[in-house]
Structure formats: structure tokens, C-alpha cells
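Chain naming follows the written order as A, B, C and D, and within any one chain the residues start at number 1.
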């Protein structure tokens, strides 16, 4: 039966039961889920390795983290096989990681959560407004029988108005807009560290021979850093928007990611993280690709 | 309070010597006469050498304070700064900030037997002390130098080692981790001159236990890659040398050189200010898992 | 030092006088990025940040009751600043010193914890070698801090021996008070703490008579402030005392609990960047070989490259070792050298952290675990 | 540069950086040289093994170092010495051009092209055209004004 309200305590209990028998049956070594955090209504990523602690797992509408970032971290990668609690958007990251051969499909047991939108700072983030994966796909098990009624999808993307405004601007004005945004960057690299698809051992920003990106948080270095980070995620970013949430300076990375995702959808009819068989667009080609901009 | 502590002094390269294919020694002379006269340092101190446009890097001062008028540094071409330093020629300018850190306790080495153990480029900070000791040779008892490298061509200060081998007032043992073929091995093992023993093959801790040196009234000074220091200290203690009489110099990642940038902080000490020279005793109360 | 009383409605007059004395005024304002051009409609997350208040009509933007997202450390220790300028021609290298252009400044709105943070930074930046950039700017700035009447859930200043109305580190402390504690705070107790604060108040009052009457005598409120301070302290949610935490941290250094507590750390540098007391920096050259600047930029011990040796060895190869360094340096090493912990309990790091890693709960849990196996040992004996 | 100050202001000479693949376009440019084809001298050629090697930070670094326009050119699809280098590059170019345009870098400052080894004339006209376009746009002050700190 489709519904729009979710009984979180049911889901929470199902996660606990499922995790308990996954751990007891040794099918997984670790369960990556959400647990109680220091700030009371903000859950935190939690790692359960023995069945007795499954009651530390909880689930509510504040579970906004994309936990798949931990699968490529040095401390957790060797603990495969893992079980991981994923919403629809997080499951897309798992697909992305499998497609790029970072993790093997059989190593990860994804506990799919039906989700009708999370709450960040008390309000519904833009990514949830017309989310198409309220009922998670490509997961090992969907936790509950309920289906989220995702028929009432608002056609216009919530960032549409901002995108329109940016597109109406001249190149000069857009440059000033992005310069002002990137000038605030303090190079804390939270956008890189929280992104599930930023798994390079040595990021290009950490390379000094040659120094492609200057590490000084000034206009020039910041523009290069943010542009190159965004470009390295073209066709891979699943718009989970964790980067723009964790940016302490509120840089509008969501606009940049969303624009690039739209471009990829329009040019190559590809939406990242939807299909295990589809390769990311920039790693393949098609003989009939558009080239009218090439002389 | 207004002195800009980040401002380097200017030095000119007066000679370049390639120790190995990727390690080079620069001899630097201060451009400004006042700075040249005012500058003094002690063996074991380090400085920050700038290749303008690339940045600064930390190396020990590898020449002895008894050699007046110049300082030397030996570095391996690894990253951005060392590559730029590598491209400089005689007469080019190198910035220098220092000398920072504490230094080898040369005064309480006086009258003692000394055992120098240097691994690869770790011989550089030791050479500063060795030359210093040899210039005041009479004030010290027996001097033994054990130096090792990955391969024969990886030895630094090759000609100086030859010179030390020729001296009668010190014994030198050199070892390589491995030799390429038997022909190279026989050449390496053949004693070169007078009373020098032939080259050994094997890691320093192994050779040390084979030498089984008499360590009464002896102080050991050790420097090399972290892994080598770790096992050499263990071997020395196994041979009965108390930790208080083992001296080592740590080459951690450093940036400012005067205890502000936080990089070299291990346990309650800053390597650049309270080090880099420590006794094995002092290292014991630093967290081992943070090295 | 002297105490005054200033009614809340005269605060603006005080600011105007500061501006007319051509002092630079810095205060917290709500910054909605990209207010410029026609981009106001973009829904930006608003930030409360310390910014210069250029003129009188900007005074209305000053935000008194909110807590800033970034600490005021950036006023004295900017995220990046040049320390020397070099030109490297065939004829030789010329190095020019950079003057930090420290202007006479009044910093209003720092919290007592921030202000104490400046005194912690000052100890390090004048430890044997004086860092002219930080010290000159601090010397030219009068810090007017604002007492906290409603600390946040994440605040824990009392745990590190401070308090919501602590005076140490500030030049002047404004504490919002109410007359015989009906709830509306309508006046400030103005405590002048340092000669620098006194110089500012004298220079402001001395000039014009009209300001003399708004700074009335304040000793009568001192009693009420002490009581008010205790009341606020009681309201705080996090009050565990970290006085003897050094022993526990030493004992727990190699304990796996530190690893499990910090498992979720992602290794970004947000906590160090927003922290009022983190001071680690990197030195790099920017520009070409022929001309450029040597830059001093913010850095963080959570980054992987922070301690990576030239030869490739990295003593802190795992993320939990870097988190451990952050806690050890703040609550153990710094305290051994400079008497006070390098943490003022402002809670910014736990709010800003993408996964809410919290220094307070980590240390709290370490302390509890230490106490448990302490009395377990006693039972066995 | 003997030009005096005032004259410089009117006659802006754009600096164009060209990333070219060594098999086709470089030899094409070589052919333009040997057949004495006159074209704008503003271009500085950087040889790459293939357009597939071109990366976003090359182009950003070119603008950072003061380029006013960038040309990226390589073998026609199908001619690539490495069979599919230019196919991959084609997608990368499109995404990159869109992103730079979104970030406010004018599209006319960035021109992608296929120039084969036999098209010396096409190379000459390509460089002329890009030089005129960029001269019309004027110096790329936006990027140059990005300060280091």
C-alpha cells in the first residue's frame, strides 16, 4: 500500500533485526547505520560490529548523511563485507562505487530505506522536493513493505528558479557570482572528504609536482579548486548534496552539481547511479556524440 | 617584536657536489657580510632552505661549525622544493632561515668513545658532528663510524668515507643492504687501504650485532630513516648500551622551525624546538605509536 | 579596573563614537552571501560572521544575540597572508618585508570564550619567537566581548575552567543585564579589564560630553552580575569538568576507545578552521620564480599530508591518529606548556563538523571509561 | 616591444594557447608553416600525445598564466592514432565548455577543433578566427584579476 507518512520506529526496529541476523550469521562484518549523536536531534554515522550493539542503531527523518562515503575509507574498506543503511539517494552512490570498481556488488548488503524526504536544519532540502527514488532501487533488501507514494512529483526542480536567474545573467555577471562564492572558500576540503565519489588516494589538490592547484585560499586557487573538483564529478555525482550541506561557508555547490548533472542528462541521457550496467558517460563514448561546437 | 621571523637570509651557492644520482650537496655562503659574521650554529641544528617560487624545505646543516665561512646541506630530490633547489646553479641565490633546534651535546661527548651509525642520507646530520669531532680529535676517545646504504652507489660523502677509512685514529665499517652481483660483491668486500676492513653486506642492526662493539664508556649517535632508527635503537639496547647514552636526531615533517606551525608536535614536545636531537631515554616518554 | 553601565539603546551611539574616532569597527553581522547584483533571491544559508562595519548606516546590521559560525581568530590570524615578497632577477634576489597593516581596531561581539582564545594564541605566537603578524594586530585591537546569557546546547566553556561571563582575554566585557532581573535585558554592565580597554573608554568618553552621561557608574550591577553568571552556568547542558583530563588522555593514548570514538571522522579541516584556538599553518610560495609571495595559510592536523615525511613515511597514517593529535594537543600537550587547555569550549567544531564529531563527548566517554576500569581495578585489589 | 604606451591600449594582442595533438594538428600546423600560410602569430602551441590527454586543469592553468583564449585541436574522429582518444575527448570538451560557460568564462575564448595533418590551411584560418574573436572580446581581465590571496 502506498503512503506518504512513515512510521520511523517500525523502520528502526526492522533495521535492528536485520542487522542482528546479518551480524550473527557472519554475512557481514560491520553494519554502517545511524546512531544517537551529541546534539540531540542530529543522528550520526554509527558502526556496529557485534550483534549485541544493534540497539544503538536508530532511524528518523534527520538521517541525512550519505553513509556510502565510508566504504572507501582506509579504516572500513578492509572490513568488507559490509551492511549499510541507505536511502534512495545514497543507494545511487553505492551503484556509482560499484560501477567504478571501488567495491564489489557482493561485498555490500544495502538496507534500503523508503524515504519521504529528510530534514536538514529543520527544513526539507531541495534534493528531496522532487526526489525520484523515494522507494530505493538497486538495493539488497527494502526494509519495509510500505511504498512511498511518489506520484505527486513537482515537475519543476526547486533549484530551477536559481538556475534560471544564473542563466539569464551575462558571462561577466556569472563570473562575478561564482568568484564571490569561491572567494569564501577556506579550503577545509569538507566537500571532498564527504563526497562518496572523491576516493582518490592523493587528490590533485595535494599534488605539488606540478602544482596544478595553488593551496592558498585566495581567489585564483579557490576558483581552480572548485572548478576542478566539480569537473572531476561530472557524470558521477548523484546530487546527494552532502558537499553543499557540509560546506561551512555555504558555497552554493548544489547549483554547480545540479547544472552539471542536468547537462549530462541532456547530452547523454544519463542519470548517475541508477543502473549497474551503465558506465559513467565520460568513461565511454558514442560514435554519434554531438560535436557541432567543434570546428 | 617587529623582526619578521619568516624572512630568510640570502646565501649564494659556491659549490655543488652530486653525492648520488638524486642526492646533492650545496655549499652556501651568506651574501650579506654582517649576516655572515653574526651567523653561528652547532652540529645537529637545522635550517630552512628556500628555492624562491617553490617554497622552503628543512634539512640539517651538514657541514661542521668548525668549517668557517660556509654551510652545507645535503638533500634528495623528492618534491617541489628539492627539485627547484636541484635546478639551481653555482652563483644562484638560496634563502636560508635558521639555525633552529637544539644540537648534539658535544660537550658531554668529550673524553668518551663515540659510535656513529648513519643510514643513507641520515649520514648528513652526523657528518656535521663527525667533522666537528675530527677537527678536535684529541678531545675524544675511540671513534667508530658505521654507515650503511641501500646500494653501493647510494652512499653519500663517498670520498670523505675513503678519507675516513685511511685515518688511523678511527675505525669505519660500511655496509650495503644488497649487492647486484658476485663480481660487485667481491670488489666491495676487498679491503681498500691499510687497516680498513672490507665492506659488509646486510642491514645496519645485523651488522651492529655482528660487530658486537665494546660499548663501555661509549655514546652512540644514530640517524637514518625512521624504520632504521627504531631497529638500531633496539639492537643497541640489546648490546647493553643504556638508552641515556644513545643519541638520535629526528627528521620529522617541519615547516616553520620555531614551534608555531604545529607540524612536528609529538607528545608534549615540538621536534623543531626541543629537538631534533634526543637521547633514546627522552624518546621513551614520547608516544611510540605517534612516530 | 573601572565598571560602567550602558543602556542598550545607547549602544549605537557608542558605536558611532568609535567610528568617528576613525577606529576600525568589527562586529558580527548576518552575511547572506551574494547580496550584490540581482542575486538576492538566491536562497543562501545565512552566516553570522565578523565583518568590518564601514559606516554609520551599516550599524543596523550588527547582530548581538546570535553566535558567529566562524571565530574572530581570522582578525588576527587570517586564513592566508603574505609574510615576505620576493623578486628574483638575474641581478639577484630582493626580499621585501610585508607590514601586517594593523589598524587601530575595536572588535565588538566576541564571546568570552573567543577572547580567552586570543590570549591562548598570544602565548604560542610569542613563545620564544615573536610572530609580528599576529602580535601587531592583537596589540592594535581592543577586544570588547559580549557576555553569554543563553549558551547553546553545544557550549561547554565551564568544562575548561571558563564561564559564560569570563573576563580574562577581553579588554572590555559588556554583560547584558536587566534591572532587578525582570527578564528583559535592557542595559550592559561594562567592565573595563585591561589598560587597553581603559584607553578606549577614556578616549571615547573624554572627547564629548554627551557620551559621558550614557556611561553611568556600574559598580552597583557587579553583585547582580555574579548571581546572573551562576544562573546562566546552571542552565548549561554540558558541565563535566575536564580539569584532570590530562592524566586520562595519557593513560588512554593507545586505547582502542579513541579509535572507535572517532571512527566517523572524515578527515576534513572544518573543525580546525572554525576553532578560535587552532593555529596550525602552512608556508608556501605563490607566484613565479621571478616574483611572488611567501604565504602563511591555515592548515589542519586532520589532513593526511600534515605530517607526511619527505621519504613517504607518515607517523599519522590513520585518521583516528589525527583526531587523537587534535585532542591531545588541545587538552594535554598545550596545557603542559602554557598552563591552560587549548580549547575554550565554544562548541563551534561540533556544530560545523559534517558528522558532528564532538570533542566534549569523546573526552566525556574517555573519562567515564577510565573511571569504570579504575574502580574495577580497585574492586580486584 | 618597442610600441609606446598609448598605442598599446588600442591594439590589444591576445595571447592564445593551443593544445594540439602531436599526430594530426601539430603536423597540420607544421604543414601550414612549410607551405608559408600566413596566420596570426598570437598562438603558442603546446603538443600533447592526444586530445584524450587534455584535462580541465591544463586549460585553467593556461587562463591563470595569462592566456586570453585557448584552442584545443586534434585528429578528426576516426583518425585518432589511439583509435578512441578523440571520442573520449569530445564528451569531455562538451562538458567542459558547458561548465566554463556556467562559471562565466565566455565560450568564444575556448575553441575546440579537429585539424588533420593535411589541413594546414584550416589550421591557419582557425587561429586567425579565434584571434579575431578574442581580440574583439578584449583581454581576459576577469581571470587575470583573480588575486593570489
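Everything below uses one rule, namely that a contact is a pair of C-beta atoms (placed from the backbone, for glycine too) under 8 Å apart; a residue touches a chain by one contact, two chains touch by 3 or more.
This one's a predicted model, so the numbers in the text were calculated from it and none came from an experiment.
Between the interfaces C-D and B-C, more contacting C-beta pairs are found at B-C. One inter-chain figure worth recording: chain A and chain B are separated by 49 Å, centre to centre, where each centre is the mean of the chain's CA atoms. If you average the CA atoms of chain B and of chain C, the two centres end up 41 Å from each other. The geometric centre of chain A is 35 Å away from that of chain D, both derived from CA atoms.
Each of the following residues of chain A touches two or more other chains: 173, 176-177, 214, 216-218, 221. Each of the following residues of chain C touches two or more other chains: 80, 282, 284, 286-287, 292, 295.
Residue positions of chain B with contacts to 2 or more other chains are 79.
This structure has the following touching chain pairs: A-B, A-C, A-D, B-C, C-D. Within the complex formed with chain A, the residues of chain B that make contact are 79-80, 83. Interface residues of chain B, counted against chain C in their complex, comprise 1-8, 10, 31, 50-57, 76, 78-79, 82, 84, 93, 95, 225-227, 251-253, 255-256, 258-263, 265-268, 273, 287, 289-291. Considering their complex, residues 37-40, 42, 44-47, 65, 69-70, 73-75, 161-162, 165, 169, 173, 176-177, 180-181, 184, 186-190, 192-194, 206, 214-218, 221, 242, 245-246, 248-252 of chain A touch chain C.
Contact residues on chain A toward chain D in their complex (touch as defined above): 166, 171-179, 204, 212-214, 216-221, 223-224, 227-228, 230-232, 234-235, 256, 259-260, 263-264, 267-268, 281-283, 285-287, 289-291, 293-295.
Across the complex, chain A is touched by residues 56-57, 60-61, 64, 77, 84, 87-88, 90-107, 111-114, 126, 142-143, 146-149 of chain D.
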